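Note that chain A is present in both complexes that follow, paired respectively with chain B and with chain C.
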Partner chain A sequence: MSQIAGQAPPAAAPRKRRRLGVSVVLCLAVLIPIVISAVFGSAIAPHDPALQDPTLGALAPNGTYWLGTDDLGRDIFSRLIAGAYTAVAGPLLVALGTTLTGTVIGLLAAYRGGWFDTVAMRGVDLMYALPAMLVLIIAVGVLGGGYYVAVVLLIFLTVPTNIRLVRSAALSQKEMAYVESARVMGLSPARIIGVHILPNVSPTVVTNFLLDFVGALVGLSGLSFLGLGVPAGTADWGLMLAENRAIMDLNPMAIVAPAALITLTATAATVLADAAYKRISQAGAQRD
Partner chain B sequence: MSILAFIGRRLAAMVVLLALLSLLCFGLLGLSPGSPEQLLLGTRPSTPELRATIRAEFHLDEPFLMQYWHWLTDAVRFDFGVSAHTQQEVTAIIGERFHVTALLAVYGLVVALLVAIPAGLYAGVKQGKPGDQVITFGALLAISAPAFALSVLLLYVFGVALNWFPVFGAGEGLAENIYHLTLPAIALAAGSAALMIRQLRASVLDVTNQDFMTFARARGLSPARIWTVYLLRNSCLPMLTISGLVLAGSLAGAVIIEQSFGLAGLGSQLITSVQQLDIPVVQALALLTGATVIIVNLLVDLAYIVIDPRVRHPRSAA
Partner chain C sequence: MTDLSTAPVSTATDLCVENLSIGLGSRPLVRDVSFTIKPGETICLVGESGSGKSLTARAIAGLLPAGLSATGSVRLDGRELIGRPERELRGLRGRRVSLLMQDPFTMLNPMLTAGATIAESLPRSLSRTAKRAEVLRRLAEVGITDPAAADRYPFQLSGGMCQRVAMAAALAKDPDLLIADEPTTALDASVQSEVLSLLMRLRDARGMSLLLITHDLRVAFSTCDRVLVMYAGSVVEEAPAAALAATPAHPYSAGLLTAMPSVHARRAKLVGIPGRVPSAADVAGRCVFEARCRHAVEECRTAAPPLVRIGEGHASACARYEDIRAVLNVAPPVENDTGVAAATTHEKAVAVVTGLGKDYRTRGLRKSATSTALHEVSLSIGAGESVGLVGESGSGKSTLARCLLGLTKPTRGTIAIDGVVQCVFQDPYTSLNPSHTIGFALREALTKRVPGSDPVDVRELLELVGLPSAYAERRPVALSGGERQRVAIARALAVNPALLICDEPVAALDVSVQAQVLELLRRVNRELGTSLLFITHDLAVVRQVTDRLVVLYKGRFVEEGPTGQVLDKPTHEYTQMLLNSVLFEGTESNA
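What follows is the complex of A and B.
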């Protein structure tokens, strides 16, 4: 039984690795143009994304306006390119902030244990009990501040997941012989955590980063969709989706394209997270 | 750890959570921009008499904790005061709209279970086959697609382009409600169905590799018996947890869905009240939703003890 199970992987492994490659390439093919659009924005858009031409009205896709126009005559394609900024910048900030804080607290909680661990984990339990999207809607709606207040709030709301995942990954590392020998050699806790444990929990950290990005993208564009995120008039995928609902019979692309872009970006980052986890843990396993 | 100690600890944690939640909800009044007095005045003309009445009614001249205490003692009796915007009783507003959200949540859960249980079991049993890959990829898309994007797409395809379903409102009467809520329920169910499929697929894989499955097959038990008694029972247990959480989470998820489909439920009310800074309504909705989530979480954990004997006797299982 175990022999059969042991023989199966080598035959399946190369095929699996090749399939992994294809999905990663596809994800990058989705994500790289979006990041480029976020960086260059309206500079690479065929039309001015904010230019209104009420005489046009909501046009269906045509030669001049590839994805048509909205009811104010603004070019949908250009607005999608300009909208990449809020779809990437905020989620990136959230992912960076969350992964950084979550990793540090998670590692410390696992390594030090004791009161720090207890306090951190009780805090995490507490945050877990609150429905994040609801907190976001109420807090941003009542306090005001829109997009960037939401970015800060999202970091707070996402950190608990990161702490929990990093902590449990680090806990299993802590029991390993190499940590014990590092301690016996008299290395400082900072060095053991930073140089020895951190690389071994890096698959979790990288995955967290990408999944935090996805969560923040969905959260922030959802807020904008509800009219609580970016200011009215901003080119933002979530807001476009809300604004163009009224013209979906005239120009369906005005809602299909932003919906598809948000979904594609989220899916691509999720798949990438999965692939990155496997790739990094494999690389680590081979090095051993 | 005995079961009673476990339950006791969970109950204590729940009380602490509820206290904190209520403090947060009450704190909304103080945290909002503008003075509490002005907020509670809403759209009414500002007269000294009315201001004095509001100060007295909400105990605004007393210290914060006393205000909180007054608010909380009213809140536990489901008295949340009147809306600052319409002067309607908050409880009446909630009562009018509760059934749409409740129906949507239950409908969404039913749709999710109906899709996820066969799909998840199939994917688990046929692991690696094309059917599994299609289901797994579908689940990935459904989990990544935000509810609002999915809502608008469903509206366009089935509401506008194919014209199968209405695009606005919840309709009158139960039959019409169900018809009108079909697209919203699908939009609500997509994410949770995807979660369930992943969970089921994983637990089927897990169960199939257990020794007792090998023994059951070796003992020559019929495939039907293996399926129902061994596979289904063991892999469907987590569905209970997920169902509870999905139902509680629907209250939060309904916000976006109701807003997308123009349904007059609690979620769309929350958005309206948040935009109008109608604090008494926001407080009530936040407290009720948060409390529901916390209580359902506890009930799910307790139900697990009742259903899964291994949780009850952790030592003997290990």
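What follows is the complex of A and C.
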């Protein structure tokens, strides 16, 4: 549609602020309370999430315990709030770690090419061949587990995807005349990569970040469910899911609520990633 | 309602378009276009990008993009097409009206052989052998006589061959009307004239009507009976081709003719049309061209002038035609360029290329092959000189430029450069970083300014290329193609280069904008003394800007000399062939 695209906007039109879409608002409505819970944790919980009262047993939701209690008498709602910490902190670390290393290696591989590209990409191929979840379970099992061991391993296992995505986005930018002009001008490679290519692959980078978060959330919850992540007794959504299976018929909310939270958080972050990609790519050279 | 696909088919088709308007919701894109095509006639819709010419063609074929709607009337042999259900139109397309598109490479399905592409549109009842024979006959009709070509895939064919195959496929159902949308724009000049004359031959042999869409007046003049000039969604002039070339009756058509570079003479000053094409929605209720017209008066702003008949088949939508007719077809002054390069001696060379060669190695699964893009070429560019490098695609002209710019390492030979080299690339849409403002790009370039040059700032740079200083705050997305090329030139000049390499800098621009950018480059060369290496496939463009011309053919220089001399009296047969493919320009030059 060159006829329409070719028409330039009127001369002095001020840049319009686009409104946030309904889906974005909904996602933020889910994510913001979760982040607040992660920051303040038990401080904002109605009860002490670790306080046991075996005399209560597993109660169904009621006026005091909004989502009921588990078989040790701990308040489910408070434990969900406290559990937001492991649901946000670990995935956030994984997302930061992978996006950072993935973006740097991906950009360098695309721009430099040659042996660096070959080594990076064959390394990526090798990593792709590894069954990630299996490696994770075995490694965490052998190393004695622990939440942060799992975080480090997840970073290592997710990086290849990021490298590949950033590299291909950067490769298509590298061919553009503006990059060649920058080379002809004698700008340093660091400047060309950082100032010219990076802003134009930012849609990919931002999306990677959010999707890595989602992947890590599901991965870490899965490990906790298997008993390989956080230590027993910690308030963690995945672990709650595993521990409360036995009281399913006494207090169904004890497993429905953490499962729903994992799903909601993951979905919200995914939808947000999609919206972020669309929004950022409208301003730059990378379009789909 | 009769079913069109089974209705009796007359051999001659009469297409009648009346008050055709196209809109996106309430936003008009094309307004009140009317014309008729008689059997065997060729009509040309000419216009720059944004004029609505392609939309008009698509509306006639019933292929408007989703969301756009057409009103008015398009009648084929008296039957209304607007508002027909898609099912009925489908029976009509190909059989009665066929469409040929611009890009030969994306138009053909890359997974189908040339033969399969054509066979797809042939009657299903044919047996396999009969179909094969028919395919070969159809290929021969478009000038492909090698039967092996039927089994080749698009990527194995050249652009011209692809366009021929596409043409055979478009004609497979023997349509009465062929709509060709920029059919030769993506092709080399020599192939372009071949494909156009093939199209003319087929039209005459089949007696079909032709609706040709083009931005190039030369294409229109050499093929059409009648030309409709479109601007901002409206027809501003309708005229027999010869009359339009000789006596344009609308300021816009006259402006286009003036802006068109000539291969026969160098214009003393290249004059474009200032401003940019408005959207059809913004010029409702007034003359569409008023904002860019130097003859505009109050009455042009208050009402849209209708298309008024002024002669035999000649109509103009200019309200002031009677007042200004005398000044509309004044031939622009030319300057003598046949002796320029010989007269000026350039003592100091800014670039000396000796025995330069470049091989490309392609590694296949089993064997690797070497192809030579550039054989030993030697070239010297003097200080302040403007050298043209002409060649078709694959001639190695871009390889030479990339070697000079240091973007590619040559395989053989040496390059000695005195000073800094900068470049302006072809595609205005990728040559500026969309993430940064114009000011950012220029400031960045200024940090690389050659030490010892006079200091300049962003405002002066923008002024130098004729842009207001407020543009520093804008991002490339808010600029038109011509404006972006100006910024690219400003960015190159910020470094104060000794040599500016321009690789097809105006190939992607509309004619009216092209003239302005060419004039700017000419001023850069003449007033700033920057040497130019101007790379292009367009002989008319190269004549306007360069003193000396080098013709590159298959990686070798085949002819070299003062531009005017080479173009007026070519000695090498390849140069002669190139010049013979130059289309009729309308006005025979007196140079």
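One rule holds in what follows: the second predicted complex is superposed on the first by the 263 of 288 C-alpha atoms of A that agree within 3 Å, B and C clash if a C-alpha of one lies under 4 Å from a C-alpha of the other, contacts with A are read in each partner's own complex, and residues count from 1 in each chain.
Here is the rule we go by: a contact is a pair of C-beta atoms (placed from the backbone, for glycine too) under 8 Å apart; a residue touches a chain by one contact, two chains touch by 3 or more.
Please read these numbers as outputs of a predicted model, since none were measured by experiment.
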**Report entry** First, second, both or neither for A:L187, with chain B first and chain C second
**Finding:** second
Requested in this report: Mind working out whether A:V142 is in touch with chain B, chain C, both or neither, as first, second, both or neither?
Outcome: first
Report task. Quick one: classify A:P252 as touching chain B (first), chain C (second), both or neither. Result -> first
Query raised in the report: Is A:L92 touching the first partner chain B, the second partner chain C, both, or neither of them?
Result: neither
Report task. Could you say whether A:A177 touches chain B, chain C, both of them, or neither, answering first, second, both or neither? Result -> second
Query raised in the report: In the superposed model, does chain B or chain C contact more residues of chain A?
Result: B
Query raised in the report: When the two structures are overlaid on chain A, which partner does A:G227 contact: first (chain B), second (chain C), both, or neither?
Result: first
Query raised in the report: In the superposed view, which residues of chain A touch chain B and also chain C?
Result: 1
Report summary line: Per the touch rule, the chain C residues reaching chain A in their complex are 24, 29, 49-52, 54-55, 65, 276-277, 279, 282, 405-407, 421-423, 425-427, 430-436, 444-445, 448, 475, 477-481, 488, 491-492, 495
Query raised in the report: Considering the complex alone, what residue numbers of chain B touch chain A?
Result: 13, 17, 20-21, 28, 31-33, 140-141, 143-150, 152-153, 155-156, 160-161, 214, 248-249, 251-253, 255-256, 259-260, 270-271, 274-275, 277, 279, 282, 286, 289-290, 293-294, 297
**Report entry** In the complex with chain B, residue positions of chain A that touch it
**Finding:** 1, 125-126, 129-131, 133-134, 137-138, 141-144, 214, 218, 221-222, 225-228, 238, 241-242, 245, 248-249, 252, 255-256, 258-260, 262-263, 266-267, 270-271
**Report entry** Residues on chain A engaged by chain C in the complex (per definition of touch)
**Finding:** 1-4, 6-10, 176-178, 180-187, 195-196, 199-200, 283-285
